[in-house]
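Letters A, B, C, D and E mark the chains as written, and numbering starts fresh at 1 in each.
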Amino acid sequence: MRSWLENYVVPLLTVVAFVLIWQIAARRYPPEQFPAPSDVVLAIKELSDNGVLWTNIGISLARFAAAYLMAVVAGIPLGLFLGRFTRCHRAIDPLIQVLRPISPIAWFPLAVLWFGIGNAPAVFIIFLAAFYPVLLTTISAVRGVPAVYLKVSTNFGAGAFLTFVRVIVPAAFPGIMVGLHIAVGTGWIHLVAGEMLGAQSGLGFMIVDARNFLRTDQVMAGMLLVGLLGLAIYKAMKTFEKAIGRRWGVAA
Amino acid sequence: MRSWLENYVVPLLTVVAFVLIWQIAARRYPPEQFPAPSDVVLAIKELSDNGVLWTNIGISLARFAAAYLMAVVAGIPLGLFLGRFTRCHRAIDPLIQVLRPISPIAWFPLAVLWFGIGNAPAVFIIFLAAFYPVLLTTISAVRGVPAVYLKVSTNFGAGAFLTFVRVIVPAAFPGIMVGLHIAVGTGWIHLVAGEMLGAQSGLGFMIVDARNFLRTDQVMAGMLLVGLLGLAIYKAMKTFEKAIGRRWGVAA
Amino acid sequence: MSETPVSKIQLRDVEKRFRSARGDQQIALSRLDLDIKAGEFVCLVGPSGCGKTTLINLMAGFEKPTSGSVLIDGEPVTAPNPDHIMIFQDYGLYPWRTVLGNVLFGLQARRVPAAQAREKALAALEMVGLSQSIDKHPHELSGGMKQRASIARALAVEPSVLFMDEPFAALDAFTRLHLQDELLRIWTEKKPTVVFVTHDLDEAIALGQRVVLMAPQPGRIQKVLEVNLPHPRERTDQEFATFRKRLFTEFHLVHQQAAAVEYQI
Amino acid sequence: MSETPVSKIQLRDVEKRFRSARGDQQIALSRLDLDIKAGEFVCLVGPSGCGKTTLINLMAGFEKPTSGSVLIDGEPVTAPNPDHIMIFQDYGLYPWRTVLGNVLFGLQARRVPAAQAREKALAALEMVGLSQSIDKHPHELSGGMKQRASIARALAVEPSVLFMDEPFAALDAFTRLHLQDELLRIWTEKKPTVVFVTHDLDEAIALGQRVVLMAPQPGRIQKVLEVNLPHPRERTDQEFATFRKRLFTEFHLVHQQAAAVEYQI
Amino acid sequence: GGAKVNIKVGYLPITDHLLMIASEREQFKSVGIQPVKFSSWPEISEALKVGAIDAAFLLTPIGLTLRQKGVPVKVVLLGHRNGSAITVKNSSEINRIEDLKGKTIAVPSPFSTHNLLLRKVLTERHLDPNKDLKIIDMAPPEMVNALATGRIEGYIVAEPFGAQAEAQKVGKVLMLSKDIWHDHICCVLNVRESVIAKYPEAVQEMVAGFLRTASFIETSPVLAAKGSTKVLGQRPEIVERVLTSPRDRLSFQNLVPNKKDFAATQDYMIKFGVAKQKTDLAGYLDDRFARKAV
């Protein structure tokens, strides 16, 4: 009863309070500058009635899924490899280190050059943002595999392949999951940036487009949706991660 | 001798190899589209001779430092508070969760509205990017303070203030450091984005400006510098973190 | 009012239930009575999950009984008290403070003036043989030295009761023997009341004036053994062996009960 | 060539040095000789840092001696060998596999056909009394059950040598006693050669046909004690007490040396 | 001819690029026009530069610079004439160009026609663009809010951002660009040379279609404004206002590229330090399609 209050009612009240404050604060500005929550809700309704909204959400989710999948498919094997072969890792580490702090946004010109416009560069930007967390956590997960697991494996005469597939990969898995989780966050945050690149659809495009029309209400509607969807993806991921953790006995 | 080879010579060779491949790959494109490393070096030289480069680096570093400091100054106390008072945290958590996945870039319109142009919105964008990691890791660091530390403190009759200042804060410190570290990364990555916002200086502006002038070589020079500076800041942070860790007995 | 000498620690009809995650209640301790005299050294032993930690936490004020009463010096225990210090298996030292800083913490919490606090802290560290290491941080110490530091921190505030929950369990056998001897020396000198949880039978016999043997499900006292040997005790003595045999036999019983439970899981 | 019965494990003039982080060499083991017969149960005891783990790692092939030779069955040990299985204090179970899956791992590594592997694994689990829990994951087991699983994993591949490095140190006293008895039962049945590291004197005397007492700095063998009592041994016997006393006395010596070192730190 | 030639034409959702409604209303036989909307000049020019799009409406100075950097593009048609405005904040403080002294004025890019127009009018009124006021770059969508919140005192940019400020009553038009430089050129249609060489008929048909649309806009501005929603997305009233008040605020007449206009633009670029050398106009301008279609 009490925990129900604390877990649902109080947070709901906070959200309501926040919306109220926002509504009142918005009165000080014309809606073109700083729309009130009511304006934003109307904007969402308008976009949804157009049908624009659902298409854009679908496209964004598809782009995100594609980019994320590619980051996972590229990052995990590379990470497993570099984590296992420390020398190779040490050799290419400086490159990773220099490329990583470069904002995905700074990659725009090259993204257009290599991938043109439309889906590909958007996917590339999101990919870039998601790739590094996956890669780096995978590397450290592999390096963090308890020595005793490897000792046991060698002791029983398991070959390199069996050790890799049956010991290192599953042992690194919970660590990799953390990376996948972080990557969802960073990838999603760069969705808007990615879709500014000549994309003709998607939530990011919708925001940019609304900005061009000075439809601040639609801009904020887009932001809100990006936030809510991001939260939903994040929660889904967390649930998945917890399930894995329980199975692995890490979180239990 | 051998470790010297592995730690310095091999990585250097990798970098050299990367530069060579880049140089060769760049031949396939006109330099306006995909400049070779040599073009980029010339561009850096040109920018540096202009004096533009150093001013911009200085300004970017200053903006980054200001935004980062603000994120730290706002994030740590709030995180300490929310970490300590779990109910407050649970109450405002939904807000944090929805606002967090919104790309700093999506905040552009509001940033201009609230902060105008020039330094303030750039600082705001970087601040936003750095704030969440600081806040969230501080919260979890506080919640992760080993129960035994608090038990000892209560047992010896330490009051709430002493416990907070002398136990919780230092106990959470290593965890907070990790957050500060992550925040350097995310903050720096949004430097370019932040400086696109009507700023008339800084590395981000330099890249945008070079883009306006269709100077891809200067764009890549800017990217390279952003990468290198990011790496330098990151390394400095890491060293600091390690020193703290050693002092605290965590990494030792 | 009563004329009989009042016990230092008095547990009457103490019951402690926990609500598990699945929501069902679990009886950690069931209607338990125990009296401990001032200056007495009592050891609690018993298989895992029999409620030793729960019991010592109740006495130290970290938990409240579901029913029954826990009194120290005739007063009900409602909260932790700086006169009754708990020593933990994992030391509970603050890694960011030096050894001296850790010992000073308890005194600072009680607002002892700096100069006096320092004096007391140094005396306590002297007593546990850590005078050489006062400026080290915990991570620079061996396990034994850490536990010494934690004991010094407790001694510095001159508590009348020391609660110790498996304080030596993480140490190797050699260090453990050493620290047992040190603890006895300190106890003989200061005569605090000591409640000492262990699952090492030899440790219990080497230290306790009384050994309280507990049994699980529900947590309860199975047997109380008086070990009326003078301190320090010679661990390889004939008399020691006699007590050892008695305790082992009792334990075997309890142990089998516990094992039966383990296999049910 | 030689007519004398060859030992199962033979260490000759074994020295092991480590280079510390600061670059100076440290002698972990110094010119050590030891012979272990086939089917013998040998316990290694000694204070922390005396090189017990280093020694057992050398025999198991996880480390190479700096000089001298380590032979098993007359062959130099160059790498870990599935015929010589090490059992670790922290079990080394794979948390993502069930108990059965863990036991199967060793057999899979040796490419035993699936049906046969399953049979062997179940037999090994039966032997350690885990038949009821084959589908559980390690995190669902108590410490004692985990160590049983790890022993079953070793037994399944029928090794001729079992190396055990403080296998029961993390368990509580009750479980420890229980597992000691189980181990002895298995050993009596299968008669593998067992090298067992412990720092619990009673454990060493309860288990070992010989107890090798080591001393630190440099790591060396101080004394070898033959415990010629039949198994299973009654821990509270008079005879047991005699061996106990002898070992304690020896230990006290070593212990004091070690303590002196601790204080120098 | 079997399949249609597909030409990707980049544009920005500004009224200057209203010709893009041709993709909606014209029936092309041999060509398909695929409009690609961008939100900033660097993005659209990068896309054209690397060939991600085949053609684009670009500001004249940007096109000239691209060409000078060796990007193989040619101008086949002007996008419009006039069409911009200096908008200032809605107060009695600024009523003449001279009042801009000491103020902060935003332009969309140093490479914009607007930058040149602003500097031109300032110099003519004896103000030094580099000393007497502050000219800053700003993304057009931010300009209205920046003006409303007093971060800047004015801006010059393509429509509808001037009209938007008027509509929101945060700004007023100080001067239309046609009054700075009568019938100036601004955005021009750049096409990649490879496309021109390979599909001259397609380009011809496209240019013809754009010109037909131009006359349609000239004759029926209200209808054109109504039909612009899909391509531009702006509110039709705003577009209508830009087209009609006054009538030549934005003009779609006389769209054949000619050297004189470009040469004048180049002169200003050199004068105001936006370019160091001139582009060879003979190679850049390709007026045959437009002349044929007229």
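Assume a residue touches a chain if its C-beta (ideal position, glycine included) is under 8 Å from a C-beta of that chain, and two chains touch if they have at least 3 such contacts.
Just so it is clear, the model here is predicted, and its values are computed rather than measured.
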Hopping along touching chains only, can you work out the least number of steps from subunit B to subunit D? 2
Please report the smallest number of touch steps linking subunit B to subunit E. 1
Maximum number of contact pairs occurs between chains A-B
Farthest chain from subunit D, going by the mean of C-alpha atoms per chain? E
Among the chains, which is located farthest from subunit C on the basis of C-alpha centroids? E
The distance between the C-alpha centres of subunit A and subunit E, rounded to whole Å, is 38
With chain centres defined as C-alpha means, what is the inter-centre distance between subunit A and subunit D in Å? 48
Find the geometric centre of each of subunit D and subunit E from their Cα atoms only, then give the gap between the two centres in Å, rounded to an integer. 83
Contacts with two or more other chains occur in subunit B at residues 33, 108-109, 113, 196, 211
Residues within subunit E bordering two or more other chains: 42, 46, 50, 141, 145, 149
Examine which chains touch each other and state the graph shape they make (line, ring, star, complete, other). other
A full list of chain pairs that touch reads A-B, A-D, A-E, B-C, B-E, C-D
Quick one: in the complex, what on subunit D touches subunit C? 47-48, 129, 132-133, 142, 144-145, 172-175, 177-178, 199-202, 235-236, 238, 241, 244-245, 248-249, 251, 254-255, 258-259, 262-263, 265
Residues of subunit D that touch subunit A when the two form their complex: 60, 62, 79-82, 84-86, 88, 90, 92, 94-97, 105-106, 108-110, 137-140, 157
Complex contact set, residues of subunit E against subunit B: 41-42, 45-46, 49-50, 62, 65-66, 69-71, 106, 109-111, 136-139, 141-142, 145-146, 149-152
Within the complex, subunit E is touched by subunit B residues 30, 32-33, 108-109, 112-113, 116-117, 196-198, 200, 208-209, 211-214
Please give the residue numbers of subunit A that touch subunit B in the complex, ascending. 6-7, 10-15, 18, 29, 33-34, 87, 90-95, 97-110, 113, 185-186, 188-193, 196, 207, 211, 216, 219-220, 222-224, 226-231, 233-234
